[in-house]
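Next up, some structures in structure tokens.
First subunit A sits with subunit B, and in the next complex the same chain sits with subunit C.
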Partner chain A sequence: MRAQAAVPLGRGRFTELALLIWVATIAITGFVAVLATETASFRPTAVVVPLVFLALMLSLHVFLVGIRFRGDQILLPIAAGLTAIGLVLVQRLASDLLLQQLSWSIIAAGAFAATIVVPRDLTALARYKWTWALLGVLLLIAPLLPVIGREINGARIWIKVGPGSIEPWEAVKILLVIFFAAYLEEYREVLSHAQRRIGPFPVPPVPYLVPIVAMWVIAMLVMVFEKDMGATVLFFGIFLAMLFLATGEAFYAIIGLVLLVLGGIVAYQLFGHVQARVDTWLRPFDEDLRFGTGYQLIQGLYALANGGLIGVGLGNGMPDRIPIVWSDFVFDAFAEEAGLAGAIALLALYLVFLYRGMLIALRAPTMFLQLLAAGLSFIVALQTLVIVGGNLRLIPLTGITLPFVAYGGSSLVTNWMLVGILMRVSQISDRMRGGGPS
Partner chain B sequence: MEITFAVLLWGVRILFLVLLYLFLIRVFSSLQRSLATENAIAARPTGLAHLVVQRTVRGAFRVGDRLPLRAVNGLGRDAGNDIVINDEAASARHALVEFADGEWWVEDAGSTNGTVVNGEVVRSRERLQYGDELAIGRVALRLEQ
Partner chain C sequence: MTSPISANIRALTLTLALAFLVTSIGAAYWTVLASDQLANDPFNPRLIAATNDRPRGAIVDRNGAPIATSEKTDSGFARSYKDRTLAQVVGYASAKFGLSGIEAAYADSLIGQDPADPVSIWKARYLGDRAPAGQVVLGIDLKIQKAAADALGGRKGAIVALDPRTGAILASVSVPAYDANQVVDPPKQDAAFDQLSHDPNHALLNRAAQGLYPPGSIFKVVTGAAALENGLDPTKKLRVDDPYQADKSWGDYFVRSASHAHGLFDMSDGFRLSENIYFAQVGLQIGGAKLTDYAKRFGIGSTPNLDLPAAKGQLSDSGSIDRPTLLADTSYGQGELLVSPLQMALIYATIANGGVMPTAHYATEVRDAEGHVVRQIAPGPQGQVISPATAKTLTTMLVGAVSGQGGFAFGAKIPGVNVAGKTGTAENRPGEAPHGWFVGFAPAENPAVVVAVIVENTPDGGVTAAPLGAAVMRAALGK
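Then we have the complex of A and B:
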């Protein structure tokens, strides 16, 4: 049966290369459009940046071919495409930050390569699950500590590192998914085959409920003390999704959502920052909010309206009217300049990413790897939903980054590591099935 | 000149959108092709014989799954096995099924809960006939051609 391995198809990664060439044309066209519009503020770095980025992506491809990496060939081009759109938008919205964002993408590419090579045995990660959990919780509460913690734009989710600051939450996401996957793999049986039932509801032995309640408490603490509703929704949402995937019990998901809503209602009554977010969402045009907390959202909505079907053209919009547009409102800025057509294409890319991630999860050989892949793809999907929903005023706005696209270093690095892990999982499945091309 | 530049610029802006969609289409078709190859591999008759799942636990196999066998197959919970048995009652490296001298053999790899063939615990190495039922943990597999 070894004969299959001799088929040369698995050698090259031609699909990946072909898709990366498309990414290159998109990146170059995007930069040309933006630079040609802003000829007044032209700087030579703007020409170098896309070229460096493309060289970077090409070297990642060569690296994968070089180590004979077999596994998914679609995720890398999607991530590269999204990051390229991100760079175009940083050039458009905050060109001072362009070099910084490029350096972050170089670090992200390094982190990606490290993820592909370093953990020899991905399954072994499951063995240290309590270490990941502890590390995750420590990082989660780190911004609350007096010396290193920082509050930026009303959310206390940053820690100071040297001259800059990083968002530990970004790393926490991955750590927690690893922990959840390992934990659920171990206790799935107990959680899903509860001996006692009250009506239609399974009642697992009390000790196994503790983590669910603990997760909820931690999520609520994040909302109250770090003033970060986005992280709360993400954190708890990932946990519920993975719990549902592992056990198949809708009951857990329903009770979790009820708990989340109850927590939200109580928080709305008690805490000013939650109230402000919800009020801004419900009535941004009111007299007292229009030029206050509602201003950013209103300008975002005007940008969407201005965009129309095919947009006003890259570089031709007025995104600078939206405060902090480069981190919170990139989606609106993109939708203004590329229109509904561009926005849908962007969302479709995330959709394909999720679809591919879920396929990898389905094919993964063990429960741990399945949950890991599903959880990681779900992070990207949920994050996109929460921020795009916030930008479109479908749900209250929260300060979550649009994966790969929004300006921000911690987010870019962790998302690329996430892609690395997903590709590793797909490689394991391929190898176990006797090595077919994919 | 003024007008041609503006027209060119609009051309580039539209081109960006067009390229975005072309990229998307390419991604979809790659996805489609990769799925087709995977299905082809899955459908390809592989293996000398099959283990057909008779009994299973949640999260492992589905009843009726046909697992192709190679000449030597490691069975167990660990991901490094040829046939991964995702059941807590199975050991990490549970048993070995191999084809030697024109016969199928099963060998217990020092498992905690033992390997059972047709209701009898495997002592060291035993011959497997087609139709024999092999039980590992709570999973039961029948050897078929």
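Then we have the complex of A and C:
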């Protein structure tokens, strides 16, 4: 505590503030550009929304300065910038959903602020790992329950809350990372060193592997029943990445990927919805798919093609021809109007986010915090790669949302909480060293 | 700080960064590399959007008469199609079902972004400043088109007429046709399109270029050309005795003569009286390899260069002629041959044009809104297929087939004009009436029009088709 007092009291978060000005520029120019090309009559929400959002971000900044928060200053502006792009795109693509998305960003900001102060001791999370595992499983099963579960667009991954519905697996992904981080910290040694080898293949001590495999099997089974490929891939990815992070054993990752491909082939044979997704990916232009399941993807590709190098300009394209564009295809919509340049800039934002998150992980003082930060950063990167890859027809399309940008409340709230946790971890490393990145 | 897992974190970060790189390359592929092809895909709504909020360019005939126009309505601009007989050629521009026909092939030109005008494309794309739509001018002459449509009447089939010197298509009829106005009319479009896509008669098919039929006797010019260029003396008489088989190995297989002929035939007689047995013997003399070579040179089995979709047909199921009976049958136009009316028109255009095959095309010009020509569509010839001497000999014999003593194609005669042509009665599946063909050109000494006529399932075959060809040629020549 004495050491901390040596730091000047008035030390502000100037990097963060400067970057938030850049966010303000994006938000304001974006809304102005969309308004300028809109043919419908002027609505006051279009002016109110960016101002409310900017005030919200500024208040988060003031809040952090006020509690003398001394962690990372880059993540908040990136998350704010991406959320701003998301709001601009909702205004552009589905303006009747704009107020709803703004409400969600207010809730997300509240959740972020809460995460910054609760719990007081982040490492305490590790103590309750079995609680998180149980809670995660319950949340996963919830959509299958009769009264509260809901099926939307063929996937049973929603639960009814009041007038709306939320996707519980969005929260599960964070719980899963916390559980894996705590468990792997405890048993890392046995898993990575005390193992026998048969030829080049490491044979892990089975009893220690059972809990994480069980956790993963439950997740997979539930996903099969809930018919959501995206979440399945994401959970599998988290599982493999955490195992690799803890053990450094690339073998786990390779055998995992082989299992994923085999599982995919089995699922292709067994499940109609998987088969439809894969067929649509492989041959969307075929006569029988073109106006059916391939329609959405083809419309997305048309949007990309119209984008060219620098895009047609916000409001000038026709991305609204893509069905459900605001949640599934925001990347293609953005690429049509901002071009390849904009698309790469957007991807670069996620890459910087990943870089910052991993840097925090590298600097974290305990292995639990390292695994936690790396796992959470990995989620954002993987989610981005899976949905953008789907939009670009590099891999089959899944219903995963583009973090911060795509329309959707559950995703926005959990991703902001994820940012909060990452910043908490960075503050702990900062405190330990009495200084830090600024 | 070094931790046991620092290296793992770095390795994972690097892997993800590489995945981001691959993703960026994917984005570059779709936005830049594959962009042109997708931008011009006939189903891309961006090509059609121009129809709704601003006029789409008109499609006009060679004299400027409108065939498709955009007309202002309460809710924007609507497409109006003037000539039902050109339905499959002109196609439709539907916001829901995409584009077809000329509307698809010249989609960019019709929204003022012709490929020959990169500045307009650039301005439309980056400045949102779209040039007013121009016009696409077709080679179609509505006067000849009407003559062809009237001649065919309600009978299923197709007529295509073209200028052998340029390859410009003058008339193109395919029956049954449909009303494209229904396909672009929002209240009616769903029912209309559903009915069309399940139509047992395939009204959407452009039979002139996409319909495939056995050619029958009209194919004999190919056998004749191959024989003439391989040293066969056309004046040498061959013995014809119906029924014919080359040797006993054919078993109970015979080539039949349409007129149950017995006698001596030279090539001129063979064309005039359409003698199958004469051409079967000629084919057997020159051999399958040479006949295959000439059929390929004339474009059988390959898709003709055309600005609309076209069928490629076939010489035989296997692509080659591997047995004597198939060689004999192919030589007089049966066997396993399949051709489109356009392919036959192009073969006769080659003969009319001194042995040089023209390239067929429906559109001849793209004009901008002020009427200036943006692009001339004049594809050069395909090349010399047969020698001018062979072409001349065949022309003489085809004139004989129309106006010689007992010529089978007498129905194609036009007073005061030398018509060269050939009828065909193409045998069909057992139990179905044969298809009637006529292909010919006029005037024989300086051909200005080639016409190919097919009437599906008509008992009298070529006799039915020949006068239809004459009617079209008369309209084209103003006689």
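Rule of thumb we're sticking to: the second predicted complex is superposed on the first by the 412 of 438 C-alpha atoms of A that agree within 3 Å, B and C clash if a C-alpha of one lies under 4 Å from a C-alpha of the other, contacts with A are read in each partner's own complex, and residues count from 1 in each chain.
To be clear about the criterion, a contact is a pair of C-beta atoms (placed from the backbone, for glycine too) under 8 Å apart; a residue touches a chain by one contact, two chains touch by 3 or more.
Fair warning: this is a prediction, and the values are worked out from it, not measured in the lab.
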So, does A:Leu221 touch the first partner subunit B, the second partner subunit C, both, or neither?
neither
Classify the contacts of A:Thr29 with the two partner chains as first (subunit B alone), second (subunit C alone), both, or neither.
first
With the two complexes superposed on chain A, say which partner A:Tyr302 touches: subunit B (first), subunit C (second), both, or neither.
second
After the superposition on A, what does A:Gly313 contact: first (subunit B), second (subunit C), both or neither?
both
In the superposed arrangement, does A:Leu347 touch subunit B (first), subunit C (second), both or neither?
second
Based on the superposed arrangement, let me know which partner A:Leu58 touches: subunit B (first), subunit C (second), both, or neither?
neither
Go through the superposed model and pick first if A:Ala46 touches only subunit B, second if only subunit C, both, or neither.
neither
Touch test for A:Tyr355: subunit B only (first), subunit C only (second), both, or neither?
both
Quick one: is A:Met367 in contact with subunit B, with subunit C, with both, or with neither? Answer first, second, both or neither.
both
List the residues of subunit A that touch subunit B in one complex and subunit C in the other.
188, 248, 310, 313, 316, 339, 355, 363, 365, 367
Give the list of subunit B residues in touch with subunit A in this complex.
8-10, 12-17, 19-24, 26-28, 30-31, 33-35, 37-38, 41-42, 46-47, 57-59, 70-71, 77-79, 82, 84, 86, 88
Residues of subunit A touching subunit C in the complex
188, 241, 244-248, 250, 290, 298-299, 301-302, 304-310, 312-313, 316, 318, 321, 335, 339-340, 343-344, 347, 350-351, 354-355, 358, 361-363, 365, 367, 370-371, 374, 378, 381-382, 385, 388-389, 392-394
Contacts from subunit A onto subunit B in the complex sit at residues 1, 4, 9, 15, 18-19, 22-23, 25-26, 29-30, 32-33, 36-37, 73-74, 77-78, 81, 123, 188-189, 192-193, 248, 310-311, 313-316, 338-339, 341-342, 345-346, 348-349, 352, 355-356, 359, 363, 365-367, 369, 428, 432-434, 436-438
Subunit A partner contacts - residues on subunit C that touch it in the complex
1, 3-13, 16-17, 19-20, 22-24, 26-32, 34-39, 41, 43-46, 49, 125-126, 128
